[in-house]
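Below is one structure. I have some questions about it.
Each chain gets a letter, A, B, C and D, in the order it is written, and its residues are counted from 1.
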Amino acid sequence: MSKKISLSYHEKNGQIFRLARSNAIYLFLLLFFVAACFASPHFRSVSNITTLLSQSSIIGILAIGQTIVLITGGFDLSHGSFLALVSVLIAIVIPTSIFGAFLAAMVSLLVLGFVNGFFVNKGISPFIVTLGMQGIARTLALWLANSKSISFKADISVFAYGSLFGIPYCVIIWVILMAVFAFILNKTVPGRHIYAIGGNSESARLSGVNVEAVRYFAYCISAFCSFAAGVIYVSKLGVGMPDKAVGYEMDSIACAIIGGTSLFGGVGKLSGTLAGVLIYGIITNIQNLMGVSAYWQDVIKGLIILVAVYFNLVSNRRQRGA
Amino acid sequence: MVEMRSEKLNARNLFSQYRLFMILLLMAAILSVATKGVFLHKDNIINLFTQNAMLGIIAIGQFLVILTGGIDLSVGSVMMMTSVFYVRFQGLGAVACATLAILLGTAFGVMNALLITKVKINPFITTLATMAVAEGLGNIFVDGHTIFNIQPSFLAIGRVKIASVSIYVFFWIAIAVIMALILRYTSFGIKLYSTGGNASVAYLSGIKTNRVISAAYIISGLLCGVVGVLYTAKLCVGDPTIAGTYNTDSITAVVIGGTSMAGGEGKLFNIVLGVLILGMLSNFMNTMGVPSALHVGVKGCILIATVLFNIYEKKKSK
Amino acid sequence: MSKGSGDSRYVVQMYGITKEFEGIKALDDVDSLLGPGQVNCLCGENGAGKSTLIKILSGAYQCDGGEIYLNGEQVRISNPKMAKNLGIIPIYQELDLIDCLSIAENIFLGNERKKNAFVIDKERGIREAEKMMADIGCEMDVRKNLGELSVAQKQMVAIAKALSTQSKVLILDEPSDVLTGKELKILFEVIRKIKEKGVGIIYISHRLEEVFEIGDVITILRDGKFIGAAPVKDMTRKQLIQKMVGREVDEDVKPQHADPGKPVALEAAGITRGKVLSDVSFLLRSGEILGVAGLIGAGRTELARAIIGADRIDKGTIKVFGREVKVSSPTKACQYGIGYIPEDRKMDGLVLIQTVSNNILLTVLNQVSRLGFLKEKLMRDTVDHCINQLRIKCSGPNQLAKYLSGGNQQKIVVSKWLATGAKILILDEPTRGVDVGAKAEIYNIIRDFAKQGHAIMLISSEMSEILSMSDRIMVMSEGTITKTFDSNQVSQEELLEYALPKSLKTEV
Amino acid sequence: MKKLISVLLAGVLALSLAGCGSESQPAGSEASSGSAGAAQSGSSDKKLIAFSQGDNGNSWRVTCTDDLKATAEARGYEFVWVDAGADPSKQLSDIQDLLSRKPSILIVDPVQTDALTPCVDMATKANVPLITIDRAVGAKVGTGTYVANIVQDFVEVGRQAGQYTVDYLTKKYGKPQGKVLEISGTVGSSPSIDESNGIREVLSKYPDIKIVASQSGDYARATARTVMDDFLNKYPKGSVDFLISYNDEMSLGAMQAMEDAGRTDLFGAIVSKDGMRDALGEVVKGRIYACVQCTPYFGKTTFDLADKILKGESYESTVNIPFTDFDMTKNKAATEEYYQKLMKDNLAY
């Protein structure tokens, strides 16, 4: 009897630790946040927090797509170019019709996402496919825009700057997408299949999962997220810029990995990614607020990324150990 | 590697062995027709090699890393950092400073190696972070400035030519040959390929896999250091913005060279070809006046195409 | 030209099945019949085409020729999903389960329990999964991640999964490979249950005793050709083996006794590691074969890894030929002359994408090189010697390891350690997934080592193998040694008795 | 758990490093550490001037930044600056961050004209006077708190370059004719576009002058060098007359290519832009025909304006910084003198 009790107690104890560990990245976020609050009084102001959130929304939305692709054991290096392409497409079509512009952008992005999926299904390493696509999409953007940036009259700045009850629309969009895709990942068949093929695509195939279809699905989601992020991007700038948004894919990947997504697939949570994005956002924001010299910002960013990842790593290792 | 000997027995393998070489010849043919023979002109060939020597050397380091199943995103940035480091501290005298610069590059290699093998952080994220660090340090060294006043004595080295071929090319060839010999005639070669092919097997067979992997990253860092110094000599400038495309281009070249991202498969000779193919491509596009906007796209297509071809080849040879 | 015709008395009829891979006939005009409630055992050496045949039946491959009838109607099975819908459920050798998903999710992967077309009904899934696991006699929390389970438990999940769909035909490919006594019993229970439901079962195993225990009909293949089919009762073990191998194989073996005078090669004392190994001590003499029996997860592999320094140990000392040594890594083990032939060949044994030669040389690189420079001739000689010594069938030292048969791959792994001149060899499941012919060869090789005075530690889940090979047998359970026997004074039952965890004793 | 804590500490360490990092860094240390101090005390007697640099990625921009910083500190302002690394989206974010520090004046060097337009609203909302330098933003000066714009007219620069081209060729052939190579700036960047418009505006008047090849040199020395290598192979000696290069970096790269290829025929037939010291040296040596200077030294003009604004005096809302031409034909003396000055003070521009 007494044995039993002590056992259950032990169990509970273990659970508490496990809880702490499985949410290690939030612990880090919290700590980081508090530290930032002490580091600069401007940081804790409500306005700055809202700014921080709306600034993070673009990367945040990209990171959603990135996480999903990473979970399938894939990769998406085309985000940056996709963003540029969306901005250009919208800028070109918007004079004729705003709705048409969004539709055009979305459709063509989904097509490109599908192409990514196609080649990955052909057995090429996703890294290569999307690296290639990065170049191709960039070229498309430059070619469509004839290498110039395209400004347009229509005012769609509401997406980036407008707000509802003080909450910026871009943040709202971000939250909605988070919710939707979190639901898809955890509660729906295709969602679980995404984890399945990430864990072991052959087994999934033999279990009758349509692996190829799932891959298409994942890369299209990623492309769709690029579209959504692109809308906010272009509405933020009010210009179609074919040559900008370089290297955003690296940011989205970094965020996902900081959030505990594995590069080998099968493992990852959108909630973790969210934490990753916020940490990432705070890094730049706080450094700007503290007036850290531009040159040092890179160095420190690099270091903090390493620390954050290591932090997650250790906690997970121990979790497995326990 | 040892494999080579056997594959010669088999005609298809013979083809797939020298496939890239044939692609290269094909491109050369097209180019020389398109440019009305200008391409085949001695100067142009030389200049093709000179232009790509730097990338060529970096790609060798990248190749070793990818062979272990890893990836090094920091090559370009480390190269830049060492370059500006040299310019910043050239006061110490060419030799001393060059040595220090190369050591700095190596140090970054060591840092990557430790983070990956000891701390066990994934290579991608590790090198992504060290890339940022190198970028930052590079700018700090020179305060973001491009520095021009470089000791002429040093620049003279950069001007040295042997049979009207500038020395960078010889550096490239030398390093490539040495590395090829190492891979072919030393146990390190087998260890590297095996570790890349299946680390757990290698480990259980008594190979110090961590050392092997570390070696790859350290060599990569070292080569970046070397290139950094050469680069300074070549362009007579310490410029903190040159990291540019080297990071991805080196990977692209290695992959076009038929190396598998999973590690364990690939041949150094083909990497040299990969670099040349990439070089010919931009050489072609510039001479043919292909609008700059299209360059990246074309590169992307070629990249995917070659890998598709490789996969197709593998399927056939099975 | 239709050979047979639909006959509803059979669940499955396969006629003239033919399959080529790049010109090599993997299957050549093979027939097979399966009645309802029947267990049809597919027998044949590795490469005989067993796996190919069932992969065709389950839609993983398409056959180039031949017809398949299901309950008398001809069917074309173009993909796994279709096979599932037809009620043909395979459980492959490499379990088609996914570690990062929960047990319930694994069971219903591919046909999830849904609220509607899109949304999963978690609760219902869990409820049904629990019931299914209970049905096949192992209750566990189905919310657990599969990754946390033992191989045997996974096997059970795989079976539950197979039963989750309305199955007409159940295909079991080497299910017993990872199972030991108790689980095997359960498995056979389950199979008998399924038979009663009129489900046809195709059963593949290298362990002939199982064939005779559970099988109704035997279908024998050799080199992709159909050799014959017969009811189990009309066939003796010897005949079967003869048909499979196409020649006489002398299977019965007599343990030879190492005299206790021989020097102690390996002495482990109080080896302890976390929860998996507690205070393990034993002696291993030169020229002796020490069998290590036990159920999956008893800590046998863990012990081996601890000895060769692949995993760090918390406590305990290891003496090699009387000298106490600190084995901190396999590299060290290699230097002290301890060789380890791991359990999982493809994962830990071979670099599949590498040449035979490089695989063999992996352990002796330092011997065949000076200052890191390879001595070509010495290399070639070493490799040739190994290939000849173990009669490894390969096109040459530069063939890629992945193109070799299971048996030959295993031989490479063994020769890798022979080359080092290791005095102590630890073999972990050396005959798993190896066919009868090669098995006998490997047994002989092992005995030869012993004769040459090597000390051998043989880990195996096949009680018969342990009994026939070992001089002494030590039984492990829950990370400790429960008993050590002299092999000629112990029975399977005794071994099992000691192998079972205390917690389970009551059940048996 | 211990390990976790250790890592937590590491995290804090990394952050605090962010603080001290800025001190251990010579440039800007004063400003940032000062700002940190200001953060704690919440009040600082110095007026804060915030500067958002669009792209500190080339020495011209760096010189510009340094000049602003030096001038600001000389005049007793607290100066903080941020680099957007050529990413307009990041620059807008940077500006938001800077504004939340409530500077007295915000100076912006936009990555791109239209894209940065929103920063006017931001400044207005925060009620901080906004000055743009080097390029304008899409809004009219005077809207909200967008008080002033200090620029150079790259179209005009282009016209000048075009004019030089015409002069040279006319001198060479007696009448305006000939084949011209062009190495342009970063694809899609507004200065590159403006300049090329300016050039074509002029050359369009002379049908016999043809731009036979144009490639982007990315405003970078290495790229330009590669491009030139290929040009030289395609156009053997005598088949081209003139090279228009969009900045000095690229001109110097191109000249290295010529030197290494032994193709000195184009020396002295180059028009360049910026007025970098080394380039001026080449002008003086006569190897570059002409160089249109656009100065990175905005400091004086900008802060004269800033002082006025803060004192509430009247001021010009649009200032065009004049550019000087360096060549050995019209402005020999001026050129040589300026070059000597640069050598003496060891300045890049």
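The definition used in the following text is that a residue touches a chain if its C-beta (ideal position, glycine included) is under 8 Å from a C-beta of that chain, and two chains touch if they have at least 3 such contacts.
On a predicted model such as this, the values are computed, not experimentally measured, just so you know.
**Q** Once the contact rule is applied, which chains count as partners of both subunit A and subunit B?
**A** Touching subunit A as well as subunit B, we find C, D.
**Q** Return the chain whose centre of C-alpha atoms lies at maximal distance from the corresponding centre of subunit C.
**A** D
**Q** Can you identify which chains form the pair with the largest number of contacting C-beta pairs?
**A** Result: the chain pair A-D has the most contacts.
**Q** State, to the nearest whole Å, the distance from the C-alpha centre of subunit A to the C-alpha centre of subunit D.
**A** Averaging C-alpha atoms per chain gives centres 34 Å apart.
**Q** Could you put a whole-Å number on the gap between the CA centroids of subunit C and subunit D?
**A** Here subunit C and subunit D have centroids separated by 69 Å.
**Q** When the C-alpha atoms of subunit A and subunit C are each averaged to a single point, how far apart are the two points in Å?
**A** 42
**Q** Can you tell me which residues of subunit A touch two or more of the remaining chains?
**A** If we look for residues of subunit A contacting two or more partner chains, we find 142, 147, 242, 294-297, 299-300, 303, 310.
**Q** Indicate the residues of subunit B shared as contacts by at least two other chains.
**A** 140, 143-144, 292-293 - these are the residues of subunit B that touch more than one other chain.
**Q** I need the residues of subunit C touching at least two other chains; which ones are they?
**A** none
**Q** Can you name every chain pair that touches?
**A** Those chain pairs which touch are A-B, A-C, A-D, B-C, B-D.
**Q** Report the residues of subunit C in contact with subunit B in the complex, numbered from low to high.
**A** 22, 308, 310, 329-331, 333-335, 340, 342, 347-355, 357-359, 361-363, 365-366, 368-369, 372-374, 379, 396-400, 416
**Q** Given the complex with subunit A, which residues does subunit B contribute to the contact?
**A** Interface residues on the subunit B side: 71, 115, 119-122, 124-126, 128-133, 135-137, 139-140, 143-144, 248, 251-252, 255, 260-262, 291-301, 303-304, 307-308, 311.
**Q** Would you mind writing out the residues of subunit C in touch with subunit A in their complex?
**A** Listed in rising order, the residues of subunit C that touch subunit A are 60, 80-81, 84, 90, 92, 94-101, 105, 109-112, 114, 118-120, 122, 161.
**Q** Mind pulling up the subunit A residues that touch subunit D in the complex?
**A** Subunit A reaches subunit D through residues 17, 20-21, 24, 27-28, 31-32, 35-36, 39-42, 45, 47-48, 51, 55, 58, 142, 145, 147-149, 151, 157, 160-161, 233, 236-239, 241-246, 284-297, 299-300, 303-304, 307-308, 310-311, 314-315, 318.
**Q** Which part of subunit B faces subunit C closely enough to touch in the complex?
**A** Listed in rising order, the residues of subunit B that touch subunit C are 1-3, 5-7, 185-191, 193-194, 197-198, 200-208, 264-265, 318.
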